[in-house]
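We call the chains A, B, C and D, going by the order they appear; numbering starts again at 1 in every chain.
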Amino acid sequence: MKKADTLGDELRRQGISRRTFLKFCAAMATSMALPASMAPVMADALAATRRQSVIWLSFQECTGCTESILRSYAPSIESLIFDFISLDYHHTLQAAAGRAAEDARDQAMQENWGKYLVIVDGSIPLKDGGIYSTIDGHTNLETLETVAAGAAALISVGTCAAYGGLPMARPNPTGAVGVDEIIKDKPVINLPGCPPIPEVMTGTIASFLTFGRLPEMDRLGRPVAFFGDTIHDRCYRRPLYERGKFARGFDDEGARKGWCLYALGCKGPITYNACATIKWNQGQSFPIQSGHGCLGCSEPRFWDKDSFYKPLSATHWGNAAGLAAAAAAGAAVGAGVAVLSRRHQDTIAKGE
Amino acid sequence: MTDPIIEHAVDMESKRFGLKKPMVRYDTQGEMSDAERVKKAMQHFAKDFGYVAATYMESCVHCGICANACHFYVTTGDPKYTPIWKIEPFKQAYKREAGPFAFFYKLFNLKHKVTVEELEAWQELIYDSCTMCGRCTLACPMSIDIASLVGMARHAMFHAGLVPHELWAVALKAEEEGSPLGANPKVFKERIRWMEDEHEVDMYIDKEQADILVCMSSIEIQKYPKSMADTAKVLNYLGLSWTFHTEGYEATNFGLLSGNLDWQKDMSQKIIDTAIKIKAKTVLLPECGHAYQAMRWHGANMYGQSLPFTVVHISEFLADAVEQGKLKLRTVGKTAAFHDPCQVSRRGGATQAPRKIIEALGIELREPASSGDFNWCCGGGGGVITIHRADELRYKAMELKLKQMDSTRAHLMLTSCSNCRQNFDDSGEHLAWGRKIESLLELVADNLIEDK
Amino acid sequence: MSLDDIPIQIAPPQEGPSEMPKALLHEVWELLQAVCAGRSVRERIDLHGLPLSPADYQQLQQLLGRGEVSALIEASGRSEVFETAVAGVWWLRDFGADERLVAEYLEITALPLMLMTHHDDLCAAVALLQQQLSAE
Amino acid sequence: MSVTLLDFARGPAMQWALIIFVFGMVWRLVGVWGLRHKADHSQPRVTQGVWKRGLRAVFVRVLPYPEFAPKVQGQYWISYVFHLGFFIVLLFFVPHILFFEDILGFGWPGLPNNVIFFVGGITVAALMVALIKRILNPVTRMMSNFDDYFAWFVTIAPVVTGLLVNANLIPNYELMLAIHILSFQLLLIYLPFGKLMHGFWLMVSRWTTAVRFARRGGLS
């Protein structure tokens, strides 16, 4: 492989002008809510960096996250990110297979020890020694720990890598956990979503490339730039929520008129993600726009939380039998207390 | 031990009929330790923790609205006179000992044990500043009958020996002598004879059988004896079979007012037994509010079963006679204001009776604001008038009362309660009212048309 | 049944511009002042990230107007640049290769960065041209 | 991170709050009803329709008698404003209706959010005024105990937290929603044990007095 001095040189060689670069940075700044004046600074910084080595580890996953990042299919501005990085190991994408693939990874690790970026999709099984998912005879846990040791930072892509996701759903047969449950000594950022939004992935990588560190995170380790607001906050149907216009079925008048889906179980109010602003498929649409409530897929344990169709304000209140039993118990205790009180009154009245 | 209280003589000079002002007050009775007093109080609190009292004590939301209904609060502005506050120790004892969550109240000491200091402090609130007029009941958004709760709280106070000096003394006199204020059977008989001569009216006493047993309050016997003659005059006019009876004549019930249920029962029992003995169909009660409350509404409950006779207040009796056209009355003309006795109107249910009589007398009734069921109490009932300590408070309440009566600018001031009447006389003098309240009964008797 | 048969309509949001365009104009004025005084060379205001309603957007366009210069750039998709009637205030729209708007901003400067040739590109062109010449 | 506060609030907390609410309420009502009822032997003046008078009183006493109105209507107004406000918000905010619908199996039309927020704001204001009045008025100040202030707190808390949830002032919506639900549960749990139970007692108490006085022919 011919080695370029800087990313700028490398791209120029490919015929990518600095204007394109600038455009990319303007787009990134916009999507990450950075000040617009940062864009030229980012462009200069990016041009001066070296091509970033990236190792992509796939564990218990469905490849949906990879699909998602690739679904910036047209030569879009975001797809430029693949020109900025050197994806040295990725099961699904690399041409090499078997031993050759593993060797490529080892080589990349050696050459870039302490500097490479690790992207993980999928959860890590811990139960029974982690035997439920292995690659090249190594459990995912071993692989993760080995690779992470030389990483500059880790990015958990998708809800599985971030919080355990579907493999962790009750009863969690494999004992799946997310990356940050295991890796405690390296910076780890979570990009949850099932799958995550491509722009969120590329934006976070770009941010790492330009600033050399992971962006600001919230309490769940997510970049604030993309996960700062709830779906509900940014939803175009929010005014309908405010006006109390709710669809009550998927085929009723409200649904046809595009009213708020809160009553149909939309989890938008408690789901932090950028779906409502960045949207999907090149800004085409997002679940609520196509008439279905948010499932809350970028939140921990979303799968086990609740019925997708139960309104957020409805609760698990128990059942009528339980309350009837409580009433019966109350009546029994009340009657008992009354009898005791009568006796006690008599005792007092007797002056004993 | 000689009880110094008993030595106080009945004060026959004052407009207010009661004991002379004691030189030294003895507001605690009996030789008891503090612990014993509390125990006695608890004994009797406990007897009243029934469903009705419990409901009321559970219901209070501390809104303080009842204060606006109480003449003692309204005239003084002192928050301690807030009606529901008067039963605070009772409520406290209930919550700790008998309520549904008594266990927790006790376990966590959420309501501490009632102390003797609290009971002593509350004596004034339970006796001096409550006439049990029940106006607060109508104001309470929860309809809590505070008056009846005060009545219950008095039971405990009596047995703890924490009754105001004079009230305890008159109650004891009533129990021992048959009359709280010296109207023993001998005096009663003498005064009947005197009135018989004075007013030339036939008055029957101790008849072996009569349809109507007529009772009198000692206030009337001693202070307003004309009432006796006037009652006789009306009964004779109607040609009814009636009698006074020396075994059962005293209508006042200081057992009720002081809080001694046993005495209350004794006093009612005398009348009940006498009425049964002479086979009376009716017991006619005089113009006395608490007497009506005691016999009309408590009597059967003291007796333990329904009474074999009916109990009527003289105003009800007169109103019936008027309605049936048996009583022909001269047209008096003039205008009148009527003071509703709380125990007959609001708490007795006979609010309309005096109005019918007044109409029959051709008097234009000028209702002041807050009359009828909402009438301001005179401030002297419930035994308050006997307590010298409460005089200033009572006069304050009466200021409000007189202002209300004066606002009608009526010629006549009427009432049908001798206790209210003596309070008007006493307070009226103290406040230089310059007017006199008259008895409705006496007005009726003075205006009978004798067409024979 | 085709997709068009599904009768979904979205209720329109509230009409009328907000205070936003006016507030933006104030910001533009301040930045322009800074550039005029030489305190700054280049300032940018991101329009894409602002909650501008279509009405706001329209009003902002009206307020700023259109000036003398406009340009088209082809670099991984189209970019449009024009100077507004307020000299020194440039309006830029970047589209991706898929014709999607990826960035939109105002640049307050003498000449937008997008229009200038970067020094690195310029130097690279020197080498490229030399290669061509020597190849002849 | 396994179970969030919201999950707890919507799940076990709600179950237990309802159970304690029902249990405590029945306990207290039965506990009082089970005390001795004393028979009244006095001859009633009125025998017909006594129970009707009892029922009537429950409704008639909703307003003060005109006799007392001038002095107490201010207090009635304030308390009705926050009572009504509270119930409007509780029963007509659509997400709340969804809560009831889930339990009862049926729902009813709701009100637009801005109406709800307005009413909620008024409710908070009225509760504040009620508290200030309670403290400033010597009568209520003297009588007030922990129950009065705590009952006030558990009443205003769900309204305030509810407004905060929707005002989105606090960045973490989910946490605020959980606090809102928990504050409502605090109200539910406390209701049977303090003066908030007056919602039930007012019927029992008014009925009791009205029936007692109706047989005397008196007003109640």
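Here, a residue touches a chain if its C-beta (ideal position, glycine included) is under 8 Å from a C-beta of that chain, and two chains touch if they have at least 3 such contacts.
Note that the structure is a prediction, hence the values are computed from the model and not measured.
Trainee: More C-beta contacts across B-D or across A-C?
Mentor: B-D is joined by more C-beta pairs in contact.
Trainee: Taking each chain's centre as the mean of its CA atoms, which one is most distant from chain C?
Mentor: B
Trainee: Taking the mean of all protein CA atoms as the centre, name the chain whose own CA mean is closest to it.
Mentor: So the chain sitting closest to the middle is D.
Trainee: As a quick test, compute the distance in whole Å between the mean CA positions of chain B and chain D.
Mentor: 38
Trainee: Whole-Å distance, chain C centre to chain D centre, using C-alpha means?
Mentor: Each chain's C-alpha centroid was found; their separation is 58 Å.
Trainee: Which whole number of Å gives the spacing of the CA centres of chain A and chain C?
Mentor: That pair's centroid distance is 31 Å.
Trainee: Determine the centre-to-centre distance between chain B and chain C, using the mean Cα coordinates as centres, and give it in whole Å.
Mentor: 94
Trainee: So which stretches of chain B touch two or more other chains?
Mentor: 49, 98-100
Trainee: Residues of chain D that touch two or more other chains: which are they?
Mentor: Where chain D meets two or more other chains at a single residue, that happens at 27-28, 30-33, 35-36.
Trainee: Going by the contact rule set out above, which residues of chain B touch chain A in the complex?
Mentor: Touch residues, chain B against chain A: 39-40, 42-47, 49, 97-100, 102-103.
Trainee: Could you please specify the touching residues of chain C with respect to chain A in the complex?
Mentor: 7-11, 13-14, 42-46, 48-49, 73, 75-77, 79, 92, 94, 96-98, 100, 102-105, 113-114, 118, 120-121, 124
Trainee: Across the complex, what residues on chain D touch chain B?
Mentor: Residue list for chain D touching chain B: 27-28, 30-33, 35-43, 45-46, 57, 61, 64-65, 67-68, 71-72, 75-76, 79, 137-145, 147-148, 193, 195, 197-198, 201-202, 204-206, 208-210, 212-213, 216-220.
Trainee: For a test of understanding, state which residues of chain A touch chain C in their complex under the given definition.
Mentor: Chain A residues touching chain C: 8, 12, 16-20, 22-24, 26-27, 29-30, 33, 35-37, 39-40, 47, 74-78, 80, 236-237, 239-240, 245, 255-259, 282-283, 291.
Trainee: Help me check something: in the complex, which residues belonging to chain D touch chain A?
Mentor: Contacts found on chain D: 1-2, 4, 6-7, 9-12, 14-15, 18-20, 22-36, 94-96, 98-99, 101-103, 110-116, 168, 171, 173-174, 177, 181.
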